[in-house]
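Below is one structure, written out as structure tokens, with a few remarks after it.
When the chains are written out, they are named A, B and C in that same order, and each has its own residue count from 1.
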């Protein structure tokens, strides 16, 4: 019983924030259509409408989740438009449900194998503006319950092979002012420095080993290169913003 | 088993915000007194102390929830005063637990039939300032478990028939700067314009069809008229505030 | 079955905020390692890095929780340093898991009896910066499932007897601008006044009985002395900050 539960987790990853009824309404759908599955709020403050940063962020977070986990991931500037299709990706045993706008490209890029489908299944009632609740949540519930919704195999709208594995950009600023990048710590020398907004930034293993008032980079708990300051707000001090590019020297 | 769970959902709708221990303390009570019921955080950023806006907002959100759902709803400027009574409403098969201050009036106004009760049940220990945890949560747990607390049938303190079905006011601003109104989209012509703070606002079906930089109104995913801008913050651009009135022309 | 669930609750108390993946990642660990236990978010906006204020806050919140509850509590400026040890406290039948930096001192001070252990158990993979996910969450899951991780009885790094029972300081500012103190309402006369930042503050039983525009103190729902204003923001009006000291006259 515990085992079956593990393989059914539904993980939410959105740019909805914690304000408004949006997250709650999706969870109400999941509660009704997949009542025995655990739902985890992974994050709801993904950079708004920024599916490129979100794609790198999501890819850094999925590894600890077991096979069969369903990620309901929504960062979607084009909701209601006819251009972007609703899709399902299966990669390395995990499911991803959301818009086919690039959000799953880094997952696909990293995976040993993946398949993608466009969702054909339609709810009885589909609002123009809230596909998360009306379409993606029911499809996620079906997958978590071991059912396949009507869907057709396809290619992702954007070719994952054209996306770099390492992205030398800031992809997320956390509440403490730390700046995550799309660079993998395992692929960069500890002797390398980063240059960001004119500032040279050296490596430190942990906050406690960094000099106060001096920015440093370290490998964060998800394996990404992150820029921080010991007991200070690096983002504010250095004027960092999501999308800002950095050099490795 | 799945069925029984569906009929027992407890839905939280408050102005407590996500800061502080308040939501967590209510959920700890529910976890102990109704451990098998699912608890959904519908929203915790209802306009603070504004039970009138909250009443219209709540009424727009309840329809997807099944019979037997218990809404624990608290927007309560008068907590600790002796004037407002604690009440239970049953309307169209759903339960509502909270203060009798108008919060449930729009639900009652819209329902085919409803009954209201004043809560006589008292906890062993009742704080002066946190009836949500001490009184409303235990009563919600009892109802969700199929037990009736001691209560006496009554009339709501305010007569629902005196509240308009459509409220031509802003009742909520979301994190993206979209402004919900108390107007029902199904009851207004798509050719109508809204006038708000001196600005004339026309209809668009979805964000993607609206011109950038020009505010529009559309019918949101809960059926309410909502004012928005494509990839911009309508509330900030137009100086919108909760309670602001609008004209339909 | 309901009983067994009660004794297994895991309660989160952190300074992580609701932004970022941190809370979600801890809950994903708990979901996998303690899938039948209820997890309660008690609060995630504990004053950042302020384990002293946090210790008084936590102690005011635990009483309603049953024996066997596991508190996963993290306020940890020294994560990654070798100075502070990971610890487990058992006090009055409840478990506490977190850093041995003073966070559990007020709990220990108040308890009839307590024991403390340093955690010897090590995860297969331990990041430098996120012990909450890698170490404290698995240990909490083990305790909630009735297993004891490898650990050695010890003394707390700071002696609880040296911490005062009442702390005449502001320990928390809530979203409404109310200021909690570390003073116990039951140990102070209702005729006493507080002096804070040059302002004299008298007692009122509830908000509704306080004069508008005049700050008052009352005993909050957790038994602590709290400073507030009726329908106004006391923190902003009086310029209050966490750590500010007050006098009782």
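One rule holds in what follows: a residue touches a chain if its C-beta (ideal position, glycine included) is under 8 Å from a C-beta of that chain, and two chains touch if they have at least 3 such contacts.
This structure is a prediction, so every number in the text was calculated from the model and none was measured.
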Angle (degrees, nearest 5) of the CA superposition of chain B onto chain C: 120
Interface sides of chain A and chain B: same vs different residues, half threshold: different
Whole-Å gap between the CA centroids of chain A and chain B: 31
Chain B, residues touching no fewer than two other chains: 18
In the complex, chain C residues that touch chain A: 16-21, 23-25, 27-29, 31-32, 35-36, 48-49, 77-81, 127-130, 133-134
Touching residues (chain side chain C, partner chain B) in the complex: 2, 5-6, 9, 11, 18, 38, 40-45, 61, 64-66, 172, 174-176, 205-209, 218, 220-222, 231
